[in-house]
Amino acid sequence: QDASKLNLGVNKGSLQLASEDGNFKFGMGGRVYMDAAAYFDDKTDLGSGSEVRDIRLLMKADLWKKWNAKINIGFADGAVSLKDVWLMYKINKNSFVRAGHFLEPFGIEQTESSKTTKFMHAASTIEAFRPGRNLGFSYATWSKKIFWEAGLFGSDTNNKTEGDEGYGLTSRIAFAPVQTDGGLFHIGMSGIYRTANSTGFNDQGEENPKSIRYRSRAATHIEKRRFIDAKVANAESQCKLGFEMIAATGPISIQGEYISAKVNRKSNFEDYSAKGFYTQVGWLVKGGNYKYKMKSARLAKPGPGSVELLARYNQTDLNDSDALIMGGKQKDITVGGTWYVNHNILVKFHFTNVDLDENSLNGEENFNMIQTRLQFSF
Amino acid sequence: QDASKLNLGVNKGSLQLASEDGNFKFGMGGRVYMDAAAYFDDKTDLGSGSEVRDIRLLMKADLWKKWNAKINIGFADGAVSLKDVWLMYKINKNSFVRAGHFLEPFGIEQTESSKTTKFMHAASTIEAFRPGRNLGFSYATWSKKIFWEAGLFGSDTNNKTEGDEGYGLTSRIAFAPVQTDGGLFHIGMSGIYRTANSTGFNDQGEENPKSIRYRSRAATHIEKRRFIDAKVANAESQCKLGFEMIAATGPISIQGEYISAKVNRKSNFEDYSAKGFYTQVGWLVKGGNYKYKMKSARLAKPGPGSVELLARYNQTDLNDSDALIMGGKQKDITVGGTWYVNHNILVKFHFTNVDLDENSLNGEENFNMIQTRLQFSF
Amino acid sequence: QDASKLNLGVNKGSLQLASEDGNFKFGMGGRVYMDAAAYFDDKTDLGSGSEVRDIRLLMKADLWKKWNAKINIGFADGAVSLKDVWLMYKINKNSFVRAGHFLEPFGIEQTESSKTTKFMHAASTIEAFRPGRNLGFSYATWSKKIFWEAGLFGSDTNNKTEGDEGYGLTSRIAFAPVQTDGGLFHIGMSGIYRTANSTGFNDQGEENPKSIRYRSRAATHIEKRRFIDAKVANAESQCKLGFEMIAATGPISIQGEYISAKVNRKSNFEDYSAKGFYTQVGWLVKGGNYKYKMKSARLAKPGPGSVELLARYNQTDLNDSDALIMGGKQKDITVGGTWYVNHNILVKFHFTNVDLDENSLNGEENFNMIQTRLQFSF
């Protein structure tokens, strides 16, 4: 009946099956990141080693011209983890509504696939404050120079405690006035309001105090401990504000984000504030100039064969002496590079120095590491 | 060698790859149900929220004309769950044998895919008494008016306690004398005999007492607690009997099932009995008349574009005062509707009232809820 | 851009999508093993029953002519388990390098897919001493008569304890001077050096004593207990040496492996030694002569329609009286057969006698079992 003919093809190294009438498109594939890390310890005995950082199976379909469906499941660490699992309705060429489990629209790195983020590990500021993927729906629209997305989200799907889930309102707006081959300029702003999840009830049937937590690893994942960690008890809700900037001239790019977070607490408790930022610089030694994608409002992935040199400075401060919650402060510097072997394969190599203050996991310390990733996807 | 040419196509919104000689057919895809619920509490503080109710990846193949293979794996709640995983041998057009992990042939709703069941949540009677999927084999045959399936099943594959697994004999027979465009009539009967699973051994090496449990949620899944729950200790085996009926006249259908269960216990203990039934009515406001599938002996899924209004009354009684096991009694009424957007997408909306007796989880109470589902599959 | 045309085909019952220019090939599929076992107990009360022994989803791709990628994930026992997950670069027709999670090159049965191993359960010698799959990289090369592979491997990816992971150096070399249709002869040797994994740190921050463990089930998997089990505390590293042999004349084949393992312990502790071997005989009652694959240096899978009779004697000795570690000794004999129904389906049937010494789990005992498997893959 609807069995129109399908054509097979390869698109950027991935399988694609598209019907001649344009009604249907099917794709499937997977991705794997294989990492190794060597740590040069200070106080903490860090566990050098290797791991499969991410492994996924993906099936997706464009259905009846207007609908897109995606099922992407992660299997790292021997556990099932839902990634992009959503249904999208394309209103027109420049806008859509989407429902499902996906990344809340907040800033650049939070909304970007780990397949294309420049560094192996997200900036600790992003790791600490990002909302991640949650179950919800959003509306997105973009024109030649402006991108806007806003959504309403419940909690992550693995919430198993009794009582009502929290919810969040999230929005991102970006403005990219310069998008020429020689130069790019983009600024943006994001905001989140989110209520805390219920943490169940005590024996008297009263609701337990809720909490909100910000924490981050030390720019690495093989060593899994979080060195900065602020658990804010008696929390009611949180507000986050993010500012972002991208600029590029030819093969040189600079990107930065600043995020401030505030936890609103019960009346007798001082509100908690934290903040952080990163700045990163890229140089396409091989591979031409940086390009921009208005549809997602960020830099495009460099083409196959590119070689990119990278540097990042990141600082995250989870200390709030007014609220008497000292989660620690982390500064880290990474220099490294990426070889985009072809559409499917890339190799990363990083050197990182991490500096932690006296409020961190094991107190003040300063350590170095070398990390490398072999990544493939199809 | 056997590399006959394959043709690509789309069948009801799903990808299909079929060889020209008819020897092979391959398919793959997935499904996702995204649910939200708002509860209006009585005694129990119910947890409103949202969840990905089901998410699956599927691969299937028709091999060498006579064999069908299916691998369907669920990933909801961050856990792996085997669904249909079987190998079928087609004896002829109207009969097959099948081995693997699949739904035991017992009644209508137990044997139906959640993709097509009319309500978001199975009737509590079905949830309490259904055997679910188990590892076994069955034989099925059908003619123009009669369907029959019988099988032998071990336990579910996740049984990890020491000692022998239980096994079950299950059979369903259905008779559908009227199958015209204007009217349908179907009656059927199912039976199960199943021994209890071993629960391991005590320190003296003696077998622990076995138990059989019947329980059910409150017509919903986001709130996960079971409100009626009968755990029958010192159990040896169970027998269940099910009666089913379907009738339709034009765009109006009625379907009902009655199930009685009996647990045979050790000689000094009184046998335990429980029972339940549901009746549901459907009205295809848009989408023509109800249709019937003899191959599975139940109503067919309404076509794309259909709009269906629904009502269900369900009652499950797990109280047995003779056996002194009072598991609770639940009555619930649901009204709602389904919009079959196209072959791949549907939306459900339900209002449910649940009434629980004094033997239920938190005693006598009566609460309401609104639930909705966005479902896609390809 | 790279969207060259793809052709669809079926290769040995599996789907294959290959581009006309030879640059790309895509495949996907799955496998399922369904087992049942009946045990005839001696001292230990063994749990007869059934299980889905293995269930997998697979996606693979040949990319840009030179690269092969494979993602194979197991879902048995309701858990995620990484299987072959690797990226291979083909240096030429007779050599490759590979990085990822795959079987270390050690002996025959350790390096063979469970899809083609002759028995349902690996020989207990192999189960006890095999390194399994680990994250690492290897180089392999083969000529007309010689096969060689060597690799460096970290630990399995699920290592979650603090401290540095162990690593291993593994190599296999095989020589097959006779490879005619009437006769085959192959000998080989493998070696492993591997350091013990860290087991974390005590409260004083000192490293906990490491351990290495060898253990095995009783030639079966439905009954999950390990009857022989040697846990060597205060271990530093281990060395293993394997010797292998294959010979065939027409439809008769014989295959054997001998493995010795030595654990190097801290200075005050006696080193631990263990060893084992198996010999198995196959007779292709139907299906022609045995064939050999130089690329993997072992017997090829018998063709569709073949019927094979099998016998195996296996002995594993984990007792070391010098080191005062008595892990038990197991001898088992299996006779059985396999029917290779077609490329996708096979059936196995085994009778096994297991003999355990006084150092085994429940002391000296001797029991029998019947096991059967229905296996399909596509």
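The first chain written gets the first letter, and so on, giving A, B and C; residue counts start at 1 in each chain.
Rule of thumb we're sticking to: a contact is a pair of C-beta atoms (placed from the backbone, for glycine too) under 8 Å apart; a residue touches a chain by one contact, two chains touch by 3 or more.
Because the structure is a prediction, the values reported are computed rather than measured.
Engineer: I'd like the angle of the rotation relating chain A and chain C after CA superposition, in degrees, nearest 5.
Structural biologist: 120
Engineer: Copies chain B, chain C: same or different interface, half of numbers shared as the threshold?
Structural biologist: different
Engineer: Quick one: report the Å distance separating chain B from chain C, using the average Cα coordinate of each chain.
Structural biologist: 38
Engineer: Among the residues of chain B, which ones contact at least 2 other chains?
Structural biologist: Within chain B, the residues that touch at least two other chains are 8, 28, 57, 79-80.
Engineer: Using the touch definition from the top, list the residues of chain A that touch chain C in their complex.
Structural biologist: 8-13, 15-16, 28-30, 32, 34, 36, 45, 47-52, 55, 57, 75, 77-80, 224-225, 342-345, 374, 376, 378
Engineer: Residues of chain C touching chain A in their complex?
Structural biologist: That would be residues 1-8, 17, 19, 23-24, 26, 28, 57, 59, 61, 63-64, 67, 69, 71, 73, 79-82, 85, 87, 99-101, 135-136, 154-155, 157-165, 198, 201, 205, 207 of chain C.
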